[in-house]
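In the two assemblies presented below, subunit A is common to both, partnered first by subunit B and then by subunit C.
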Partner chain A sequence: MRTNSRNFYLIPYVLWIALFVVAPLLLVLYYSFFDIEGHFTLENYRKFFTPVYLKMTLSSFWYAFLITLFSLLIAYPTAFLLTKTKHKQLWLLLIILPSWINLLLKAYAFLGIFGTYGAANSFLDVMGIGGRQILFTDFSFIFVSVYIFLPFMILPIFNSLDELNPTLLDASNDLGGSSWVTFKRVIFPLTLDGVKAGCQIVFIPALSLFMLTRLIAGNRVITLGTAIEQHFLVTQDWGMGSTIAVFLIIAMVFIMVLTGRRKRGIL
Partner chain B sequence: MKKNRRWPAIYLALIFIILYAPIFYLIFYSFNSGGTMYQFEGFTLDWYRELFADTRLLIIVLNTIIIALLSAAISTIIGVAGALAIAYARKRRVKNTLLSLNNVLIVSPDVIIGASFLILFTMIGLKLGFVSVLLAHIAFSVPIVVLMVLPKIEEMSTSMIYAAMDLGASRFDVLTKVILPYITPGIFAGFFMALTYSLDDFAVTFFVTGNGFTTLSVEIYSLARRGVSLNINALSALLFLFTIILVIGYYFITKRNDKPNGMGVRQ
Partner chain C sequence: MKKLIQALAAVLIVSFVLLYIVSGLNSSQGYTSGNTLTIFNWGDYIDADLVDKFEQETGIKVIYETFDSNEAMMTKIEQGGTAYDIAVPSEYAIEKMKEEDLLLPVDHSKIPNLKYIDQRFMDLPFDPGNEYSIPYFWGTVGILYNTDILGDKKIKSWHDLWDPELKNQILLIDGAREVMGMGLNSLHYSLNDKNKDHLIEAKEKLDSLTPNIKAIVGDEIRMLMENDEAGIGVVWSGTAQELMWEKDNLEYVLPEEGSNLWFDNMVIPKTAKNPEAAHQFMNFILDPENAAQNTEYVGYSTPNKEAMKYMDEETISDERFYPDEEMTGRLEVYENLGKRMLAYYNELFLEFKMHKK
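Moving on to the complex of A and B:
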C-alpha cells in the first residue's frame, strides 16, 4: 500500500532526473570523444592540453578568482552592516532586488555608462583625470561581473551573520577580546559556511558566463563558458565544446567539494 | 565613537547607489529624445511609443510570458511530486541520492545545461523552437521547486497524516486534504521561483532556441550586441516596474509563509 503510492510520486520525478540530469551529462561525456566529422577520437583531450587551451583555462580561473575575491571583500562588510540596521529584512530585500533584473539589461546599462562619452568618462573628466577607454577592458569586465554577483554573495553571508548568536559576541567582549579579535576568532569562523556558499555561487558562474565577456569585454576575455559557446554555436565543433564542458564540470565538482559544508543535505 | 557611527551609513549608501545607479541610468535615458545614452537632449515618450508599435517585439514578450507560465506550472507539478518522493523515501541512501541528483542542475553553469540540452534535443530529433525551449525551462525549474517545497513537507508532523488515516481517509484524501493544503505556501513560493527563473534565463534559451523562436532575453542580447538603442532602455524601464511588482508579490507570499500557524493547522 505504502510502496504503491510512493512509486506514484516517483514516476514523473525519476523520469525528469533520467532525461534531464543523467542523460545530458552522459551525452556531453559521449560527445567529447568525437571530432567534428563524427569519428571516435581522443584528439579533443590532447588538444585541451595544448598551451592554447591551458592558457585559456588558467586565465578563466584567474578572472573568476578575482571576481570572487572582490565580491567577497565588498559583500562581507555590506552584509555585516546590514545585520546592524533596524529594518534589516527590508534592506536585504532592497539589496537583492537588482539581482532580479535581467542580467543582460544590467550589462547593457554598462555599455552606456562605460562608453566613450558615458557617465564614467564624464566623471573622470570632471575629476581631471581625463577620459579613456573603459569598455572592452579587463577592468570593465571585472567591475560589471562583481556588480552582477554582489547580491548573490551578500545573501548567504547575511544569513549566516544573522544566525550568529549575539551572546557569543558579548562573551568574547567580556573575556577582553578587542573587536578585531572578536571578528577574527568568533564572527568570521562562525560565518565561514556563508562565505563558502557565497564563493561557490559566484565562482562557478564567473567561469562560465559568456554573455558578459561578449558584451562587456568585447571578446578580449575568453572564459571556459565563452569557449563552449563558441564551439557549440559558432564553429559547430561539438566534440571540442563537450571536452571543455567536461573539464568545466570537473572544476565545478572540485569547487563544490572544496566549499562543501559539513552539514550535508537540504539547505 | 561618534565618528565611527558615520562610516557604516556612508558605506551602505555607496553600495546602494552603485547597485541602483545603472538601472536608473537606463530608465533615465529611456526618456531621451537624443537617441544616445550620454547626452540628454529632451524629454520624450517616443521610445515607448515605438516599443508598443513593434508587433514583433510584442509577440516575443508574449512568447516569453507563455513559456514562463507554462514551464512554471508544469515544473511545479513535477517538483511537488519530486519533493513528496524525496520526503517519503524510506531509505536514507535513496533520499540522499535523489537530493544530490536534484541539485545537479542548480549548481551547473548555464552553459553546460544549455550545451547538454542542445545535444539531447538534437539526439532525440526534436526541432529547436517553442517545444525545446519549454522543455528546457521545465527541466531547470524543477529542482528549485523541490527545494522550496521539501522543507514544508518535512516540517509537517507525521501525526497529522496518521490522524487522517485513523479517521478513515484514503491515501488520495490524505494527499489532497491534508498534505497539499499544508504545503501550499511552499508550492506558491516554488511556482514563483520557477517563474522568475524562466523569465530571467538567457544562456540556456540561447542554446536551445532555433531560428524562428526568440524570448525576450535572447532578443535583448542580440539588440545589445548591435549597440545602444533606446528601445532597450524603454523596455528595461517597463521590465523594472514589472520586476518590482513581482518582488512585492513574492515578499507577501513569503511573509504569509513565516506566520506561525498553531499546531501546524492552516487557519
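Moving on to the complex of A and C:
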C-alpha cells in the first residue's frame, strides 16, 4: 500500500515531465524533418550549414560569450564584496529586486534612457563628452543584457562564497600565502562550481535572446533566437525554425557537459 | 488516498457551481448564444462609442477581442477555441483564409449600405466580387520624415533614402514584404516580383542602404518617431496620420516609384455562431455617418464615398492619405506569393538584416 500510494503521488510529476518536457522536445525534433509544404526532408539540416546560418550561429555565440564574460567580471567582485558587508541579505535583496520587474518593461525603459534625448546622453553632455548614439549599438545590447542577467550570475557565486569555510583562509594566511595566492589557490577553486552554475544560467538564455535584439539593438544584432521567432511567426516555416532549435539544444547540452563535468570535493 | 479523492471531488463541485453562476450571469446580461456578436479586430481600430450604439440599436451584445498580427489572428481562428462572428484581416490574409476554407460567403442582399463603398475598393483581385469580404479601411506604406532634423531636404522618392547625408537616420519596419518591397520599388520592379535575379538585385541595393539605417523595429517606431529619435521612418499611413495629428514637424510622402496599397476587410469566419448579427454589424459600420465617425477616430483612410460628406474637408482632400487615381495607379497590392516565395523573401530579408555596416 505504501509503495502504491507513493507511485500514485508520482503520477503528476511523470505526467508533467512527459507532457511539458519530453513531448515538446520530440515534437521539435519531428518538425525539423519537414519542409514548408509538409514533405519529409533533410533539406533543413543542409540549409543550416549554409553561410547565412553559420554566420548567425557564430555571432550568437560571440555575443553570448561577451555577455557571460562581462557578467562574470562584474558579478564576482560584487558577490565577494557582498559577503564582506554587514547586512548581506539586505544588499542581496536589493541586487535581486530588479529581476522582479518584467524584462520587456526594463527594455522599454532603456529605450528612453539611451535615446538621443535620454538621460544617458544628457549626462554625457553635462560631462562635456557630448551626445552620441547609444541606442541600437553593440554596446547598448551588451550593456542591457548584462544588466538583465547580472542577478542570475551573482546569486550562485554569492552562495558558494558564503559557504566557504573561513578557517581555510586563515590556514592559507598562516602558511604564508599572500592574499593573491589565497585567492588564486584557495578561494577561486572552491567557488568554481558557483561560477560554472552562473555561466550556465547566463550563457544558455543569452544564446537565444530575441526581444532585446529588436528593441535595444534595432535588429543590428541577429541571433539564432531571432531567426526561430521569424520562422515560426512570419514565414511559418516551422521545419527550419525547429531545425535551428535542435542545434540550439545540442549546443546547450554540450555546454552543460563542458561546465558540469567534474565536481571538486575538498572539505 | 481518501483525502485526495475528497479534495478532487470538492474542486469539481466548486467548478460546476462557478460554471452555473457564470452562465446565470451571462443570460441575465443578455450574453446568450443567438444574441451575441463576437468581433475580432486589430487593437485600437474602432471607435468604442459605435459599439455601444450598435448594442442599443439592435439589442445584440457585442464581445470584442483584439489581435496584433494577421498571423496570430489566423492561428486563433484555425484553432477554433473562440467562435468569432467577424474578423478584420488584411488582403493577403483573406486570400490565404479563402484557400484554407476558413470563411463563410457574405450575403450582399443583407448589406444594403454596400452601395456607399467606392467602386475602386470593390471586386479586387484578392476577393473577386467581394464574395467573402467587405471593405473596412485601407492605407499605404510611405516615408514619414522629420522636418526639424532634415531641414530643407525634401524627400520625394525611395531613391532619396540612399542620400549619403542621411547617415544613421532611417528607421524601418521589421517586415520582410515592406522592406523587400521598398528595395524592389526603388529599382522600379513590382513589389510582387518573383524573379530571383530581381530579388537578389533588390537585396544588394538594400545592403548598400545599411550605413543610413539606424534600426529595424516593430511598433516602437511610433514612439521613436514621436521622440525625434530619427529623421526618417518607413511606416504605414495610419501610424503617420496619428503622429501628424500630434506633431507639426512630421511630413508623410508616398514615394514616386510606387509603394504598397493595403486593405483591411471584414470577414465572417467559418466558425461563426451568429452570421445574421455579423451582417447587421457590417451594414451598421458601412452607414455613412457611422463610417465617418469611425474614420475620424481611427485615422486610416475610409473606402466609404458617402461618408466623406460627413468628414472634415481638410482630411479628405489630403492627397497623402486619399491619393487620387493617378497616384493609386502606381501603388500595388500585395499578392499571395505562395509559401515558397514568401520564405525566399524572408531569407533575403534575414540576410539583409545580418549585413554589417
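Here is the rule we use: the second predicted complex is superposed on the first by the 260 of 267 C-alpha atoms of A that agree within 3 Å, B and C clash if a C-alpha of one lies under 4 Å from a C-alpha of the other, contacts with A are read in each partner's own complex, and residues count from 1 in each chain.
Quick note on the criterion: contacts are C-beta pairs under 8 Å (C-beta built on N, C-alpha and C of every residue); 3 or more make two chains touch, one makes a residue touch a chain.
Just so it is clear, the model here is predicted, and its values are computed rather than measured.
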{"item": "Partner chain in contact with A:L233 - subunit B first, subunit C second, else both or neither", "value": "both"}
{"item": "Touched partner set for A:V52, first subunit B, second subunit C, both or neither", "value": "second"}
{"item": "Which superposed partner A:V21 touches (first subunit B, second subunit C, both, neither)", "value": "first"}
{"item": "Partner chain in contact with A:E37 - subunit B first, subunit C second, else both or neither", "value": "second"}
{"item": "Touching partner for A:L215 - first (subunit B), second (subunit C), both, neither", "value": "both"}
{"item": "First, second, both or neither for A:Q133, with subunit B first and subunit C second", "value": "second"}
{"item": "Contacts of A:L111 with subunit B and subunit C, given as first, second, both or neither", "value": "both"}
{"item": "When both partners are placed on the shared chain, which of subunit B and subunit C touches more of subunit A", "value": "B"}
{"item": "Contacts of A:P156 with subunit B and subunit C, given as first, second, both or neither", "value": "neither"}
{"item": "Where subunit A meets both subunit C and subunit B, residue numbers", "value": "5, 111, 115, 117, 214-215, 233"}
{"item": "Subunit A-touching residues of subunit B, taken from the complex the two chains share", "value": "8, 11-12, 15-16, 18-23, 25-26, 29, 36-39, 77-78, 81-82, 84-85, 88-90, 96, 98-99, 101-102, 104-105, 107-120, 123, 139-140, 142, 147, 150-151, 154, 171, 175, 196, 199-200, 202-203, 206-207, 216-217, 220-221, 224-225, 227-228, 232, 235-236, 239-240, 243-244, 246-247, 251"}
{"item": "Parts of subunit A lying in touch with subunit C, wherever the complex brings them together", "value": "5, 8, 36-37, 52, 55-56, 59, 111, 115-117, 133, 135-136, 214-215, 217-220, 222, 227, 230-231, 233-237, 240"}
{"item": "Complex contacts: residues of subunit C adjacent to subunit A", "value": "1, 4, 69, 71-72, 168, 171, 174, 176, 214-218, 220, 223-224, 227-229, 339-340, 342-343, 346-347, 350-351, 353-354, 357"}
{"item": "Residues of subunit A defined as touching subunit B within the complex", "value": "1, 5-6, 9-14, 16-17, 19-25, 27-28, 31, 74, 77-78, 81-82, 84-85, 91, 93-95, 97-98, 100-113, 115, 117-119, 122, 147, 150-151, 200, 204-205, 207-211, 214-215, 224-225, 228-229, 232-233, 238, 241-242, 245, 248-249, 252, 256, 264-267"}
